[in-house]
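Below are structures written as structure tokens.
First subunit A sits with subunit B, and in the next complex the same chain sits with subunit C.
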Partner chain A sequence: MTTAKTPRRAKKLPMKQRYSLLTRDLDWEPSYVEREELYPYTSYEGIKIHDWDGWEDPFRLTVDAYFKYQAEKDKRLYAVLDSFAQSQGHLSLSDASYLNAIKLFIQGVTPLEYQAHRHFAYLARYLEGPAPRFAALCQSVDELRHCQTQIHTISNYNKYYDWFHSFSQMHDRVWYLSVPKSLFDDAMTAGPFEFLISISFSFEYLLTNLLFVPFMSGASFNGDMPTMSFGFSAQSDESRHMTLGLEAIKFLLEQDEDNVPIIQEWVDKWFWRAYRMSALVAGMMDYMLPKPVMSWKEAFELYFEQQMLGGLFPDLEFYGIKPPRHVADAVAEKDKLSHEVYKILHNFSFAASFTTQTPTPEKMAWLSEQYGEAFDEFYAPTWEKHRRIEDEGGRVFFQGLPQLCQVCQVCQVPMAFTESDDPTKISFRTSEFKEETYHTCSDGCQWIFEREPEKYIQAWLPVHQILQGNCGGPTVPEVLDWYGVQEGDNGEYKGSRDHQSWLEWHGETTEKEA
Partner chain B sequence: MAVKALYEYDYPAADRAEVFGDDQLVYVHWIGNPLFCSAAAVRVPKDMTWSAFVADVVTPWAQTDPDFDPSSITGWKLFDDDFAPADDASLTAAGVGHKSLVKFTVSN
Partner chain C sequence: MTNTRPVGIDIQESDDNRMLVHAIASDNPDMTVQQLPGLMKLSAPGRIEINRETIEDRLGREWETGEFQLAIVTYTGNFAEWDDDQIIVAWDH
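Moving on to the complex of A and B:
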């Protein structure tokens, strides 16, 4: 009797070989169309690539492996979300005012994850090499997952607190959110290589620790386990994204010497753009976390001065890349950045979708400890004045319409920054282009403006749009309605609905009732 | 340096003077008062007189600071230059154009 021979099972291929088969070997040379027609966007920026196969993808991830890892991480995250929700975890936060930091995150950062998802999908189609295309594809899926997990995580708070509603509408319309939005719009309307330097290198590599670690450690310190968990869940993706940023810059620099000056200008521009946006994080770190993690200054020294200026840039010098053009200005303002930015948020929170408060005496003591004389001399007296006015029943808000604030044409932050050598003198820079005047907040933003004025004159500056009548109407309530801001979302924290609920849940009474 | 693009890149400015018709934008900065995070941005008629601008626009804004006294204003600047317009001059006649920055100081 004969039995049919069992067909021999194909051996599982080693990872490197599988990766090669599933990515590079699926690439082909076009024969029906010219290469330029298939990849129309990779030459006009002036970048020269001689060998796309020189792009090494250090992760060699395949789609099946990718989905397996991500599914495991999602399972862990959603288990934490469930248990936090079931055990009323929100009651063990440090304070309800902590959630103002999370409002800033969902309105300012989460929509950027979605924008990144869109643009990496574009790169996954239009970059010429199979390795960078595949890396971009994975990152595109990552970014979508980050956007979704953030929404799922943070939406749990919406049952108990004001404000989660309308965050994506707010991202498109509200004045302070035009800071992150316009940065991404700027990057997405640049060419594919500039986008890689702007987002993958400057944003995800150079400043990522400054931008994300404060939020995630802040979450952990203040009892927000769900936010901390999505931070961890995203971390392994982020390390891949950082590696893509570093791989991109090294690849472009190695391909042709002519690329070096182009890349240098992009590093100069995007360091300053991303750094200016991080100012919002500085204000959040020092003023919005009831239990602070570390000061902005300390984080800047550790993550930027030591790790980037001390570690990365000496390596890049080999390729002819110098530290970013305006880096000295950033270093010079580390003592004052957070105070100047929180002042803006405090002046304007009547028109925001978060609440602010004059720093408590404990917070003042901490700020004084962190910043020493710089705080005591220049910022403490103004906060004392706010406290005095509030003790008399007032609250200083920058008056509503028709008066709004002057905003920088490039970074779109209100013009509150001061000269690097004089913290009492607002830094005004002015440029002329085609008989119109443009204002910028710093040498960095002025340099960026004058490099490409045709681009920045089109900026949708929120204040000017309100004054043009394009934002719902001429009064504050009309503008807030157009923003999607509802009563309880904005203004002063003390006495706000979130504050009152918090006191009630913890068996305390508000000062007014007491 | 111009924008690198695959096509001719020429678009109008979003806030060009013509968009505001008979009005214009002006920025007002109170030098040395950190209670206000930044200069104010206002939309005002080009033919508004200087005295009306000070009384009806600058003063109500500055009064956000309870210590403000209109008679304590000691001097004005237009951008970085000293500036002392006639009360009845229009903003245009005084040289305050679209997106001009006017600054003032007060005596303590």
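Moving on to the complex of A and C:
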């Protein structure tokens, strides 16, 4: 009897060679249509590309490697989800008020993942180089995975707390969600290269660290393992997406000097646009996490000022790219952004699909420690006033439509931000276009508006739409019904349905019953 | 001088990844590791290099550089190299 030798598995080709075979040798020159007919969208923005082969993707990802690692990531994520469900993990949340941050996430962020999936699929068809096409294809699949895993993960909480319904309808209709929605609408209606600079570079490379990393760390700190797991799993794809963004900008800058001023304007525009949207995250981080990890200010200093302004922009100087226009205003706002945003959310949460509460004394002490005099002087007195009113049995909601007509025509945040150098003065800019007056919230948004007024005059502004009769009716209950907000989704946290459920799950009774 | 600007990598906390971080630290003596909930935040002036061999020695098993995609959460810098034996994060200019 002879023993058959185990056949030696053929050694794979080196990574560089496998990647090159996939992203170069599978491409071909069109023979029965003109190149312009095959790729009609890459010329009208004025970007000049001389050699698509100049594109290098440092991850050198191939099809087999992509599926192998993504499958492993999903396996790990679903193991966490199972164990959380089996061990009644929802009982270990720091507090049910934490879930408000997750509501804002699923209403505002998850639908953006789906939008990103759609547009990267489009780039995977229309970019002329095979390497960027393949990178865009992987990203398109990633984004669909993110959307699905987020819905799947967060839906677990729906067994214990009842607010998960209608998030995608809300994304399209609710006033505060027009902030993230309008950003993606703006990016998707731009050309393919502007989209790459807006989403891949300005949003993903410059700002997603700031958006997602401290927030997911916060999820972990507040006992929400499933969110932390999908967050880190998604963010690990994000490191590939960031690479795509960084590669895109370097590639475009290297291809032709004429591209430089075009790219600079996109960096200027999209930094400010994405930064303005991140204001929602500032509010989530500082006010919606019962156990905070790091303040918005601290995260901004670490992930944006140190890593991007201090690290990346000196690198881009080589190509003649300067730090984004208006970046100084963002730096000057770091002490107040989250407070001003949360004041809006707190005032108007009767018209939202989450609840809010006046910061607790412990939270106030933390905010004061993080923000010092700026908080004590300008924001603490407002919260103390709310507390006094509540102690006497009241709760103030600003009964009206958010800031009425005055929503920024560009970022769509209600006009409640103050001047970057004066926290007592509302920042308010006006521009005239075709005999109409348009309002913007900052020099950044005004500059963006005046650069492309024809685009922004078409903005779907929530309050304008209500007043024009397009949102279910003129009264608050009619509008809320049209949004898909149900009774108990909104208003004050204390005594809300989430709060009641929390007490029941923890075997406690409400003060009323006690 | 320009290349001493810090680069960084954030790695998800897990048993395997802790060993990964030990291995990376042994090849990058200037690197610091900061602990955040769920995360290990690596930072070093100018450059972080990750070597397959050092990691295999530490893990006691074969390790492909592609597996690093399962550990990394985010980074700052630029992937200057990513091949079968080595990953390098550094600034270009």
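Please note the rule applied: the second predicted complex is superposed on the first by the 493 of 514 C-alpha atoms of A that agree within 3 Å, B and C clash if a C-alpha of one lies under 4 Å from a C-alpha of the other, contacts with A are read in each partner's own complex, and residues count from 1 in each chain.
Here, a contact is a pair of C-beta atoms (placed from the backbone, for glycine too) under 8 Å apart; a residue touches a chain by one contact, two chains touch by 3 or more.
The shown structure was predicted, so the numbers you read here are calculated from the model rather than taken from an experiment.
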- Once subunit A from each complex is brought into register, does subunit C clash with subunit B or fit beside it? fit
- Message: Once chain A of both complexes is superposed, is A:Ser501 in touch with subunit B (first), subunit C (second), both, or neither?
- Response: neither
- Taking the superposition as given, does A:Phe398 touch the first partner, subunit B, the second, subunit C, both, or neither? first
- Partner chain in contact with A:Ile389 - subunit B first, subunit C second, else both or neither: first
- Computed vertex angle (subunit A) for partners subunit B and subunit C, CA, steps of 10°: 150
- Task: Figure out whether A:Ser20 sits in contact with subunit B (first) or subunit C (second), or with both, or with neither.
- Result: neither
- Message: Taking the superposition on A as described, I'd like to know which of subunit B and subunit C A:Ser166 touches: first, second, both or neither.
- Response: neither
- What is the contact status of A:Pro414 with respect to subunit B (first) and subunit C (second): first, second, both, or neither? first
- Shortest CA-CA distance in Å separating subunit B from subunit C in the superposed model: 31
- Those residues of subunit A which subunit B touches in one complex and subunit C touches in the other: none
- Message: So in the complex, the part of subunit A that touches subunit C is made up of which residues?
- Response: 14-16, 58-61, 65, 68-69, 72-73, 76, 208-209, 212-214, 216-218, 220-221, 228, 232, 235-236, 238-240, 242-243, 246, 250, 293-294, 303, 306-308, 310-312, 314-315, 317-318
- The answer for subunit C against subunit A in the complex is residues 2, 5-8, 10, 12, 36-39, 65-67, 69-84, 91-93
- Sort out for me which residues of subunit B touch subunit A in the complex. 1-6, 9-17, 19-20, 25, 27-29, 32, 34-43, 57, 60-61, 64-66, 79, 97-101
- Query: For subunit A, which residues count as touching subunit B in their complex?
  - Reply: 40-41, 44-46, 191, 340, 343-344, 346-348, 378-379, 382, 385-386, 389, 394, 396-399, 402-407, 414-416, 424, 426, 428, 430, 433-434, 436-439, 451-452, 454-455, 457-461, 463-465, 467-468
